[in-house]
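Take a look at the structure below.
Residue numbering begins at 1 within each chain, and the chains themselves are lettered A, B, C and D in the order written.
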C-alpha cells in the first residue's frame, strides 16, 4: 500500500468528518498539517534519486477490460506539485475564520480541492488525472456560487461564467486526451491510459508531426482554458476576486497549476514535435503575449487590490506558457519551478488580501493608505509576496523566470532571433509592468497617510504560522533554488543534450 | 395478374393513410382509429408475406399466429385507450380547457 | 380471386381509409373504418387466410368498431374545427405519409418475390399431408384427413399452432388481457371526489 | 429452481396481489406488498449469485422454443427485477401523496401491475424471436398505459396518459409493420434466422434497410430516442413520481434489450446492412443526445428536467450500441450504461418522492433552501445530479467516457463533438438543482423529516452510486456482454 493513498484519503476523510459535524479546530488544520508531514516523509524516504524514477507506486484495479487502474506514484515533478498542494492547503485552512457563518462549508471545500489536486498530481493514469481535477473543480465552482462575496446575482453570474468556461474547457481537454490516447494505442489493442506506458509508446512510435500539432492544439485549448490562457482567461479574474479567501488561494495557487502540470507531462514526452510546427508555436506565442502584455495592461489599471491580484495571477501564466513554447530542458525546469513559486506567492497574497478585507471592509486603493504603521508584520509579509510576484532576485519566482528567459535564448544553433526569442523580448516588458503595479500597490496601501478610520492590525501570533511558512518557503526556494531543482532536474551528468527537444529557430 | 407487390402497395397505402391521420387529426378518437388502421396494414403485410412464402405446401402459420396476437393485443389496447380517453373526457367536462392543456410545450 | 375483385376490395380499403382521415364527423370516420376493415377481410380471404379474415370481421369490424361508436355516442363528440395549428399538422402528416408511401412502394419492387403471383406459390395440401406424416409430428385429429382430401383446414391449422407451439404466447396474452381488464375497470369507475390538478 | 419458474412466480404474485384487494384486508395487503418487493429482490439476488438454473434444459418444453436465458437475458432480468423492487419501494414512500389522486385512495393496481411487468421484462429479455418480443413488449406497454393514467384525479396525469397512449400505440403500429417487413425479407421471425439471413450477400438490400429502419424507429419510441421522444417530458411530469422513475428505467430496459438483440443481427458479422445501420444509429444517437440536452437547459421543473435528461442518456446508450471499441461490445456498453444509470436516476426520483410526500413540489424555486430543511435530501440530490452529469470518479462518468471513446475510435468526429456538447450542457442543467438546494431561501420553511424506510433507501442508493463510481469492477463483466451464445445455440 503506497503512502500516497493515505495522503489522498486523509483530506477526503476530513471533508466527510467535517460534513458530519466534526469540530473544526480538530479536524481541519491538523489533518492538513498531517498531510504536509506525510508528503515530506515521502520526499525524505525517496532520497536523492533521479527525478525520472517513479517511486511509492501503488495501484488499485477499477476495471479489468478496458483496463482502468487507480495507480499512483511520484516522480520529481509530481512531488514538487504535491508539496505545493499540501502547503497551500494547510495555509488555506489556517486562514478560514471559524466564527464566520459558512466556515464549515469552506473547510470542506478546501479539503476536497486539496484531495482532488493531490490526486491529479500523484496519479499515473491520464484519465484519472483528468478525473481528479474535475472532482476538485466542482466544489470550487459551487462555493463561489454559494458563498462568494458581493451580491448574490453577481456571484451567481461569476460562478456560471467560470462553470461554462471550465466545463467546456475540460470537455475539450477530455476530447484531446482521448484523441491522444487513441492515437498512441497500437491498432486493435485495448486502450492505454497509463502515463508511463503512453510515454514509452510515444518514444517507440512517434506520431506524425502534423498530428502531434493538431492534438497539441486541442490540449493547449483545453488545458489553456483551465490555466486562463489568453483569450480563454476572462473567467479567472472575477472568479478569484469573488471567491472566499481559502478557495481563491487554493484555486489560483494549486488547482490552476494542474493545467501546466498536465502540459508538462504530455507535451515534451508524448508530443515533442507539436510545438516545432511553426503555426502552433506562433499561435501560442501570440496568446501568451496576450496574457503578459494585455492582461498586464489591464492589471495596471485596476483600482482594487483583489482585482489586481486576480489579474496579475492571470498575467503570470503567460511566463509559464513562454517556457513551454521555448521547450528545452532549462526552460521546462523553469516552468516547473515558477509554477511552484507562483503558487506559493499568490496564495500568500490572497491570504493577506483576505485578512485585510475582513478588517477594513474594502480594498480600494484610493481609500486606503498608511496601513504599514500599525501592522509591521503584515507589511513585511506582503512585501515578500509582492516582491516575489514582481520577480525580485532572492525570492523563488526570480529563479523560475530567469530559467525560462535563459531557456528561450539558450539553445545552441540559434543564430537568428525566432518567434520565441522575439516573444521573450516582448515578455520582458511584462516584468516592468508587474513592477509598476506591484510597487504602486505597496505604496498605495502601506505608505503615506492612513485613510479615515481604516487601519489594520497584525494577525495574532498563532495565526501568523501559515503566512510565515509560505513566506519562508519563498525565501528558501529563492536563495537556494537547487533544493527544488534537485527534485525536477536530472543531475548534470545524465542531462540530455540541451535543445534535444527544442524547436528550431528560423 | 395480382402479385405480392399489389398487396404490399395496398398495405403501404393503408399504413401511410393511418400515419397521416395520426399526425394530422386532433380528435383523440379519430387518431385512435387511424392507429388501428396502421396495425391492420401491418397485418396485411404479414399475411401477404406468409402466403407468398409457402413452405411444405402450406402458408407459414407462425406469421399468422403473430397476426392473431396483434389483433388480440390491439383489441385490448383499444379497450384501455378508450377508457383513458373517456376518463379524460369526463375530467374535461368539469374543468376549464386551458388547465387540461397545461402540458403544452 | 379474380383480378377485378382484388381491385374492387383494394379500392374499398384505401378509399374508405381516406374517408376516415378526411371526414369531419367522428361517426362517419368510424363507419368508414368498419367498411374499410370489411374490405381488408376480403383481401385476407383472397390470401387463403380464412381464420384471420373472419377474425378481422368479428373483432375489428364487429367488436372494436361498436366500442368506438358507443364511446362516440356516449361522449357526444362534435365535428372537429380547423385551426391554424391543425393545418400545419395536416401538411406535416400529408408530407410524411407521401414520403413513406413512395419509399415503401419503390422498395417493395426490390424484393425478390415481389413479382410473383399466387399461382407461383401454390398451396398443396396433399404434399403437406405427406410431409407431416413423414415428420411424425403430433397431429390434430382430422387435420390429416382434411389435408389429404386436398382442402386447406385453415382454422384447424391455426388452432394447432396457437394451442401447440404458441401456447406460451397465449398465456402471456392472457396476462395482458387481465391487466387490460383491471386497468379498464379502474379507469372507468365513476369517481365520487372532485378533480384537483 | 429455474429462472422461468421464478419469473412466473413473480407474475403470479402480482395476480395474487390483485386478488387480495378483493378481500380488502388492509393489514394483509401491506404485508403482501412488502413480501412481493422482497420476492423481486430475492429472485434478483439468487440470479446474481448464480443460484438459479438458467440452462435451456430447465425450461418446460412449451417454453423452450421461445426463451433462452443467456448472459444478456440474465442481466436484463436482474435490471428489470431491481428496478421493479425500487419502484415498489418508491410507491410505499410516496403512497400518502399518490392516494390523494387515485379513486378512493386505491393503490392495489400500483403494486400488482409492476410485478407482472417485471416478469414480462424478464421474458422479453430472454426472447428468441419477435413473436415473444411483441407479446411481452405489449404487456409492458399496456401496463404502462394503465399505470400512467391511474392517478386520474389529476388532470395532468390523464393528459399525460392520453399522450403516452397515442404515441405508444403508434409505435406499436410501426413495430408490427417493421416485424412484417423483417419477416418478408428474412423469411423468419427468429433472431438467429434474421442474423443469418442478413449475412446472406444475395439478400435485397433496400427492403432489409427499410425493415431495420422501421424496427429501430419503433424501439426508439420505447427508449425515448429523438424524434420519438416528444412524449417524454409531458408524461414524466404528469405521471406519479414512482411511475416516472419506472418509465425511465423499466421502459428503457425493455426497449434496449430488444434493440440489443436485433442490432446483433443487423450489425453482425457479414451483415449487408451493417454500415448503414451503424450510421443510422450514430445519427439517431447524436440527434437524441442533443434534443434531450438542449431543451433541458431552461427547465424549471426537476421532473421535466429528468425527463429530458433521460432522453439525452438514451442517446448516449444508442451511441454506445453503435460502438466498435476493442474489448467492449456495443451491447455490453449499453447494458453497462443502463446498469449505472439505474441507481442514480432512481436516487433522484427518491429524493423528489420524499419531498413530494412532504408537500414540496419539484420546481427549482421550491428546492431552494433544501439543505437547511433536510441536509440528507440535499446531499442525496447532489450525489445523484453529479452522477447524472457524469462527474469524473462518479458512476455516471465511466459510461459516458467509454461511449465518447468508442466514437473517437470509430472516427465519428461529428457525433463525438455533439456528444461533448450535450455532456457540457449536462453540467449546466444538472448543477442548477444543486445550486438551488444549497442557496438560502427567503422565507424560513419547516424541516423535512425523512422516514426510516426512505432514509434506508436513500442511504443504500447513495452507497451503491458512490462505491460503483470509485470501484466499478463488479460491473466489468457487463462490458463484454453479447447475446451471441443464444444465437449459436439456436443454430445447432
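Here is the rule we use: a residue touches a chain if its C-beta (ideal position, glycine included) is under 8 Å from a C-beta of that chain, and two chains touch if they have at least 3 such contacts.
Since the model is a prediction, treat every value here as computed from it, not as a measurement.
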| item | value |
| --- | --- |
| Contact-graph distance - origin chain A, target chain B | 2 |
| Which two chains share the largest set of C-beta contact pairs | B-C |
| Chain closest to the middle, measuring from C-alpha centroids that were averaged per chain | D |
| Between chain C and chain A, distance of the C-alpha-averaged centres to the nearest whole Å | 71 |
| Distance from the mean Cα position of chain D to that of chain A, given in whole angstrom | 43 |
| Distance between chain centroids, defined by C-alpha means - chain C, chain D (Å) | 31 |
| Centroid spacing, where centroids are CA-atom means, of chain B and chain C in whole angstrom | 8 |
| Where chain C touches two or more other chains, by residue | 104, 108, 111, 165-166, 169, 173, 176, 180, 183, 187, 195, 197 |
| Chain D, residues touching no fewer than two other chains | 131, 135, 138, 142, 145-146, 149, 152, 155-156, 184 |
| Contacts with two or more other chains, residues of chain A listed in rising order | none |
| Full enumeration of touching chain pairs | A-D, B-C, B-D, C-D |
| Chain C to chain B touching residues, read off their complex | 1, 3, 6, 10, 13-14, 17-18, 20-21, 26, 29-30, 33, 36-37, 40, 43-44, 46-49, 51-52, 55-56, 59-60, 63-64, 67-68, 71-72, 74-75, 77, 80, 86, 89-90, 92-94, 96-98, 100-101, 104-105, 108-109, 111, 113-119, 121-128, 131-132, 152, 157-158, 160-162, 165-166, 169, 173, 176-177, 180-181, 183-184, 187-188, 194-195, 197 |
| Parts of chain D lying in touch with chain C, wherever the complex brings them together | 11, 15, 18, 62-63, 65-67, 100-101, 103-104, 106, 109, 112-113, 116, 120, 123, 131-132, 135-136, 138-139, 142-143, 145-146, 149-150, 152-156, 184-185, 204-207, 210 |
| Chain D to chain A touching residues, read off their complex | 325-328, 379, 386, 391-393, 397-398, 401-402, 404-405, 408-409, 416-417, 420, 423-424, 427-428, 431, 434-435, 438-439, 470-473, 476, 479-480 |
| Sites on chain A touched by chain D in the complex | 19, 60-66, 68, 70, 127, 130-135, 138, 141-142, 145-146, 152, 156, 159-160, 163-164, 167-168, 171-172, 174-175, 178-179, 182, 188-191 |
| Chain C to chain D touching residues, read off their complex | 103-104, 107-108, 110-112, 165-169, 172-173, 175-176, 178-180, 182-183, 186-187, 189, 191-193, 195-197 |
